[in-house]
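To start, the structure under review is shown below, and the notes come after it.
Read from first to last, the chains carry the letters A, B, C and D; within each, the first residue is number 1.
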Amino acid sequence: MEELKQQVYEANMLLPKYKLVTFTWGNVSGIDREKGLFVIKPSGVDYDKLTPEDMVVMDLEGNRVEGHYNPSSDTATHLEIYKAFPKIGGIVHTHSSWATSWAQAGRGIPCYGTTQADYFYGEIPCVRNLTKEEIEEAYEKNTGLLIVDYFKDKDYIAMPGVLCKNHGPFTWGKDAFEAVHNAVVLEEVAKMASRCERINPDVKPAPQELQDKHYYRKHGANAYYGQ
Amino acid sequence: MEELKQQVYEANMLLPKYKLVTFTWGNVSGIDREKGLFVIKPSGVDYDKLTPEDMVVMDLEGNRVEGHYNPSSDTATHLEIYKAFPKIGGIVHTHSSWATSWAQAGRGIPCYGTTQADYFYGEIPCVRNLTKEEIEEAYEKNTGLLIVDYFKDKDYIAMPGVLCKNHGPFTWGKDAFEAVHNAVVLEEVAKMASRCERINPDVKPAPQELQDKHYYRKHGANAYYGQ
Amino acid sequence: MEELKQQVYEANMLLPKYKLVTFTWGNVSGIDREKGLFVIKPSGVDYDKLTPEDMVVMDLEGNRVEGHYNPSSDTATHLEIYKAFPKIGGIVHTHSSWATSWAQAGRGIPCYGTTQADYFYGEIPCVRNLTKEEIEEAYEKNTGLLIVDYFKDKDYIAMPGVLCKNHGPFTWGKDAFEAVHNAVVLEEVAKMASRCERINPDVKPAPQELQDKHYYRKHGANAYYGQ
Amino acid sequence: MEELKQQVYEANMLLPKYKLVTFTWGNVSGIDREKGLFVIKPSGVDYDKLTPEDMVVMDLEGNRVEGHYNPSSDTATHLEIYKAFPKIGGIVHTHSSWATSWAQAGRGIPCYGTTQADYFYGEIPCVRNLTKEEIEEAYEKNTGLLIVDYFKDKDYIAMPGVLCKNHGPFTWGKDAFEAVHNAVVLEEVAKMASRCERINPDVKPAPQELQDKHYYRKHGANAYYGQ
């Protein structure tokens, strides 16, 4: 667990590095599937005071197994996503500016170009608001369940992120670092999609064959990007 | 007073750190309620030359009690706010770019998401222009009175900031640091609200139950965010 | 002259510091009125290789008096402005992003708030394109004459800057440093004016009495801002 | 070749310096015309781990002549451009934010001002999408051939860059450094053109005589900008 705590700590510290967070508005977690435990940032602790020892270890029933701090207030959301998406190893939540602006606008991000298609296969979805009952009953848990429900008949590996309406983005990946990587990409494509719509209000998504080409040159059996 | 001067100095130095000011376009003050004295930045002094000793100590009648510099030209505005809002300990004024753009546009900032709801309960208001008579009689004092009048039947703790039309923002908090914190939040939500309206011109404020959830998970008796 | 060369060098180095220039797209000059000589940046020399010795000394007939480099290609524009505006001591030209965007759009910048009114009394003008004949005859000199002609019945001290259509801004001040200061302010108000129009497409300029208040609390006999 | 590898390495490292790339989303190459070999960045290698030795040497038949890494996935595009444009010595591809937004919007960048005219003579073109057949047959090679075809009756020296629809920009120059220089300029003019259209939706390109003046004072027999 010490290695995972170190890794999740480092991944958390990438959020201010990539300017994805203001103050404490973000959190990264990572899971050890064998042990059934995940590590997450403590709630409301400043990034410049954070240490690897501050990380909180949780089990998949939501019990704190180790740590002197309360876990992130979004822990229950992470937990539901881990339970439903067995192939992922890390999750990120931020209020990064451009992705959050799309979430506030209540719109998914159309795939306008190859930058998005390199990582996200199609439009990045925006899920609905929770109902008053869902909020009052168990806000953070139901946020996770809503995301899980949206993906129940979809490929969460090919679409490693989602926007929650009037709230902000969640991304995930094979580990905490890849989840942060996808959070950076999301912010960048959110910015370019908004500017692109301003430059051409009638813009259409990139042709499907171009999206396919870019997604599959980086992913799957026939990938040839990288080393 | 030396401790308060140090604190107000440090809080002032956060304004350039958070990129809320260009040149000398901002000021922070903090009050000692027991002594009835407040400390404020001197007028027009560069941030990179500022020292704790340069801070100016004022009483609540507007007399300079200590300090070799003239106080901020906005001192009379701070003074009226301190007199009317007994629960606050610090005030910030800046011309931060996004908040000032909303002020110039003469619009309050609708609460489009949880980022705003975490700190500001509802729409951040924009108060009217002063009349010609109010400007000529006592511009800075009347700016303070206008803000005070706006809040006379409202909760200034749940809405720790305001925009002054064609001018810029004021924020406050339990001390000078919290007032700066709220100034940073205001700038960030002002930015996201503008982008959000561009992404969806028909966007509506976040549902009230979502605003309630986020505001009250951070504030009040049932708060559970943080440590 | 060595002191003026040092000063103009330092003022030039503020342009990259304040992010007003990309590559070599800007220049600052300063004048010694007694000697009738002005100092200006050499043409096309990188800021990170610039030294005080590289500055070029010119007389008001356009002759190079000292210096191993060619002066800025915009030297003839500076010269005409110096001849016509006897109370100024420094001039700046940049392609700073927001001010240039307004220049390209062919619009003056309305005075939407106190930030602009603190430095520029009213709308910052955008002068017309030169004609084909004016360009071919003496492009840089005629750019200066066009600016001078615009201000012939106006107060160039109360309006220390101008936009040249499809080109970019010029600002001036009592010395090279104040000219740079005004270039920074211009960029900032250009940014906020554009954002402000996006937030409220029907926005109107700030009331005249508010502009007066802010301009005259910083300028003239009754100023009380600063020390 | 060691000198060229060093140069191409240094030119690649300018991409993060000028904030033109996120992660590994860009590549620079440079060619030795006498040897008929070009040097290019390896595919998917992080900029902060890159060394001059990592550069890949290719011949103009697309064979790797030297290097322990796979070359950039865009190598075939660079190759076609080198074969068709004999006067260039370096090529850059990025996903820089503003240029990519125009590419995604499917629009060329009109020449709204002298900043663009100083480097690009006229509107920076946006070429069409490849067909499904062209993508499936040889995506990267056909991207190069499409660019080459567009320029077959045009001056690729006077227009040292192009946007590929739904993808991003390519620029070139007499060597790798000039190609990067043009990539920076492209990003800057893409930003200003978008803002300029927002400030004035009816904006027209700069008058031809002004474009001519600026382009030819920096280029060709009668240039007088610089030293």
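We adopt the following convention: contacts are C-beta pairs under 8 Å (C-beta built on N, C-alpha and C of every residue); 3 or more make two chains touch, one makes a residue touch a chain.
Every value quoted in this text rests on a predicted model; they were computed, and no experiment measured them.
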If CA atoms of subunit B are superposed on subunit D, the rotation in degrees (nearest 5) amounts to 180
Taking all residue numbers at the subunit A to subunit D contact, is the shared part over half or under half, that is, same or different?
different
Greatest Cα-centre separation from subunit D belongs to chain B
Interchain centroid distance [CA atoms averaged], subunit A/subunit C, Å:
46
Using CA atom averages as chain centres, what separation in Å is found between subunit C and subunit D?
33
On subunit B, where are the residues touching two or more other chains?
197-198
Complex interface listing, subunit D residues touching subunit A:
22-23, 25, 42-45, 69-70, 73, 95, 97-98, 100-107, 129-130, 132, 135-136, 139, 166-168, 194, 197-198
Inside the complex, what are the residues of subunit B that reach subunit A?
112-115, 181, 184-185, 188, 191-193, 195-200, 203, 206-207, 209-210, 213, 217, 224-227
